[in-house]
Amino acid sequence: MKKTLTAMLTLGLAAGPALAEGTVNVLTWEGYADPSFITKFEEESGCKVSATYVGSNDDFAPKLLGGGGIYDLITPSIDTTALMIDLGLVEPLDTAAITGWNDIYPKFLSQEGIQRDGAYYGMPYVWGAIAFMYLDSAFPTPPTSIADLWNPELKGKISLWDDKSSIYVAARKNGDMDIYNLTDEQIEKAKAALVEQKPLVRKYWATAGELVDLYKAGEVVISNTWAGYQSGLLKAEGVKVTEFIPKEGAEGWMDSWMVVKDTPNKECAYKFLNMQLSELGQCGVANVNGYSVANAAAAKACMPAEQYAALHQDDPNYLDSLQVWQALGDRFEAYTNAWNAVKAQ
Amino acid sequence: MAAIIELQRISKHYSKTIIGVDDVSLDVEDGEFVTLLGPSGCGKSTLLRMIGGFEAPTHGMIRLAGQDVTHVPPYRRDVNMVFQDYALFPHMTVGENIAYGLKIQGRSRAQARDMAVDALALVGLPDKIDQKPAQLSGGQRQRVALARAIVRRPKVLLLDEPLSALDARLRDQMRIEMKHLHEKVGITFIMVTHDQEEALTMSDRVVVMEKGRVAQDGRPQDLYDQPASPYVANFIGTTNFVAGSLTGRSPAGTRIASAAGDFTATADLALPQGAEVTLGFRPEKVRLLAEGETAANVVPGRIAEVIYYGLGLRTTVELAGGTQVHVDCLLPDSLARSAVPQPGAPVRLGIEPHNVFVFAGRVAA
Amino acid sequence: MIARAPRNLSALLVLGIPLLWIVVFMLLPYGIIVTYSFWLKSYPTFKPAFQFGNYLTLLTDVQYLQVLGRTLKISILVSILSLGLAYPFAWWLVFRCRSQALRTWAYMAVIAPLWVSYLLRAYIWKTILGTEGILNSFLMSTGLISEPSSLFLYNQFAMVVTLTYIFIPFMVMPIYTALERIPLNLAEASADLGMGPVQTFLKVTLPLSTPGIAAGFTLTFCLSFGDFIAPFLVGGPDGNLIASVIQTQFGAALNWPLGSALSIVMLIIVLAIVSLSDRLEATAHTGAA
């Protein structure tokens, strides 16, 4: 009896895609499922895309742990992908079913965070730097160092991302460059630096939109930023800002698509992955969010030369200068706790 | 005796057309019990509130013990009020309620408490000092309200419909008690009521009000026996009205002709012969004449209805000309049951001239 | 027997449904939170245990006491400010506003923001208090200041102002109701017994409106105490409140046990305030007719 039922259900599932009917539910960042390129995908594949947006990497685990089960695909950043694997929330990818897999920059494919036991769990998608940004009119001499975010003359005009990454920033300012393997002592030093900086801070920004508002309203003149994204939004608003990589370097980030364990919509999910790695998806997201993309071949094919250069698509030095986020594992708590303690003061 | 309250041409105009009190002048003697009587909307409560200081007159002057207090706020007037629904402070005990107005008079806490005890004894509630108003019955609250008002020994005590919230039996009892209280404390009482019986039984003097004006001002018996207008005659007790015209004067009194017959009245009005008048007489001042019996005024009629009410009978008699009047008669035990008048039977009414009121003009009975 | 059965059934339904609701939507979630609060954080998530380490952390790690203290301070300030604004307003509405139309209109004007999205209401204050905001433009146009001040936004002042604005209806409503219930003749009686307006207010009106004040204070306090939107929108670097910390523990820190322990502590504080105000209301009520 039970077997018959399973068989019937399997038949039913198999029949679905044949009729070109299906849905894919994605839990992702804003812009990663933008209608500008998703509509075309929906028409061609017959898969309907239903997107839910997150505001932070911290949203993925609670949403999936809290009895989720309705999402098929997620896009955590490279410091969160390992946690997803550790939590058993995602399943290994069938890389053979993904066209263009081998066109992905080797630097991203070599990231530990997306692999486990010889299998890939994440498909690199977009990347960028946690760059720094300043309001042109406020700086006759452009800032070059993280130390400028500690400049007392800028009191009340500084903003910093409300994230554990502030520990990375403070550590680099202190000269502790191995930011993903800080000792307790180094974390304590970073914490102290952040506490010292606190009176100078106008507001810790939590969302991309919030940072844009802060610049627009004239509240802040210098901050860190998701390279390409907020500066693009501000330029569209007519606010003149410039991104820069300070001499202490910047963190790099990379978002990967991951397939949620036991998704019933596997067929549409893989169609979606293929589209996202294709020229449609790669240039689609680059145009919407201003991020650099992971597929070197697609980028070369669909980007105008100017954009290609601006997004550092063929700039190995730039890429190598970035300290790409890493999973902190059991050190995670030490970092978040330090950051929370700073905020509590 | 000096006037403790002098109202001099007091008016209260709410707007050009809405007039609460209209040119009232009134003196109240020290120690008097004066009642302002009238239906709702006659201005009696407004007048009382103006004496208390809760409202200011638009015209006129109020004097209290010779002082002009027209615009003095209530908390600086030596006058206290018993409110219609008592207005006891629900968050204070009975004792605290009574002592409330004493501290401001400079009494110590102990003194205030002693005075509260005395005041409670005076109103017959010696054991309730530590209870909250919510724990008391309506009658007890009324007594507390009285105690709270008299404990300050005001020059004048104002009572706004003080008995209206009580049931009938309690009301009768409180009437007497309040009258005794007035005699005991010797404070001037000014009461407002719409209940004529209350007014008559309790007061030294009754001021009947009509549409913001004083209709008549006098001792209860004078109001009853010599009402100044049909309005007063009808508001105090019941009065039968018969339309007539003045035909002349004789040594016995004024002669009046009506469709029901001719009347002689002791009252003399300065009216010309032929003037339209209204006769009035009270149902209890009319006799149903027995065979052969006679009176100064004899009016024939026919019994229309007989209502038995224990103490006596109220008969409705239709007079010639169609006017119906009431006649009350006690049932003397000598009167045989067969002598009880039956509807349809012809009767003769006997009325003494001094019991006949004469009012100028005609009123709708 | 036959006649009794349906009656028992309907009684069961009448009592059972709300009871079930309370169990499923109130007791059960609290039970879960209490249980979690004894668990242990263990990468990547947490594991069942029975230990008081989370509570101990809250007591020993100064950051939690700091935030708790700040949250208490902000909530009390919001409640006091709301009371200071709401009481005179409600008093004026009940005792001084002669026009029924004006009273209804003014009451609605204060209550109406409740129907506007919470976020929008908080955003309004961002626009007013910002460096290039309405308040600064106004002050500069009056010549009171020559340069825009950044003192109004992104600090505790802004949080108190915003929370007061958002929660003041919860202060106005119970106070208005309490004042409206006071018979007008009590004030007259007090004046009659020689008390001036100020003494009458202190001895009669104020004590009789205590239940409204207690209810309003409790509501505003508890609502502010659990708020995390205002610190996010208008709070500054020193604006971290307890609810945001709880949110962080359940989110970024993925430390549900610690978050649960914090929630329980918060619940205890709120319950203490509520029972305190209940007691206050009960004392005030014993006298009410």
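So that you can tell them apart, the chains are marked A, B and C in the order they are listed, and the count of residues begins at 1 in each.
What we mean here is this: a contact is a pair of C-beta atoms (placed from the backbone, for glycine too) under 8 Å apart; a residue touches a chain by one contact, two chains touch by 3 or more.
All values reported here derive from a predicted model rather than from experimental measurement.
S.K.: Using the contact definition stated above, find the chains touching both chain A and chain B.
M.R.: Both chain A and chain B are touched by C, going by the contact rule given at the top.
S.K.: What chain lies farthest away from chain C once each centre is taken as the mean of the Cα atoms?
M.R.: Chain centre farthest from chain C's centre: B.
S.K.: Of all the chains shown, whose C-alpha centre falls nearest the centre of every protein C-alpha atom combined?
M.R.: If one averages C-alpha positions chain by chain, the most central is C.
S.K.: Quick check: how many Å separate the C-alpha centres of chain A and chain B?
M.R.: 92
S.K.: Express in whole angstrom the distance between the two chain centres, defined as the mean CA positions of chain A and chain C.
M.R.: About 37 Å, centre to centre.
S.K.: Taking each chain's centre as the mean of its CA atoms, how far is chain B from chain C in angstrom?
M.R.: 57
S.K.: Spell out the part of chain C that touches chain B in their complex, as residue ranges.
M.R.: 183, 185-186, 188-196, 199, 203-204, 207-208, 284, 286-289
S.K.: Which of the residues in chain C end up touching chain A in this complex?
M.R.: Listed in rising order, the residues of chain C that touch chain A are 41, 43-45, 61, 63-64, 66-67, 130-133, 148, 150, 153-154, 232, 236-238, 240, 245, 248, 250-255.
S.K.: State the interface residues of chain B toward chain C in the complex, per the touch definition above.
M.R.: 52-54, 73-76, 79-81, 83-85, 87-92, 100-101, 104-105, 132-134, 148-149, 152
S.K.: For chain A, which residues count as touching chain C in their complex?
M.R.: 56, 58-59, 61-62, 65, 83, 86-87, 156, 163-164, 198-199, 201-204, 206, 217-219, 329-330, 332-333, 336-337, 340-341, 343-345
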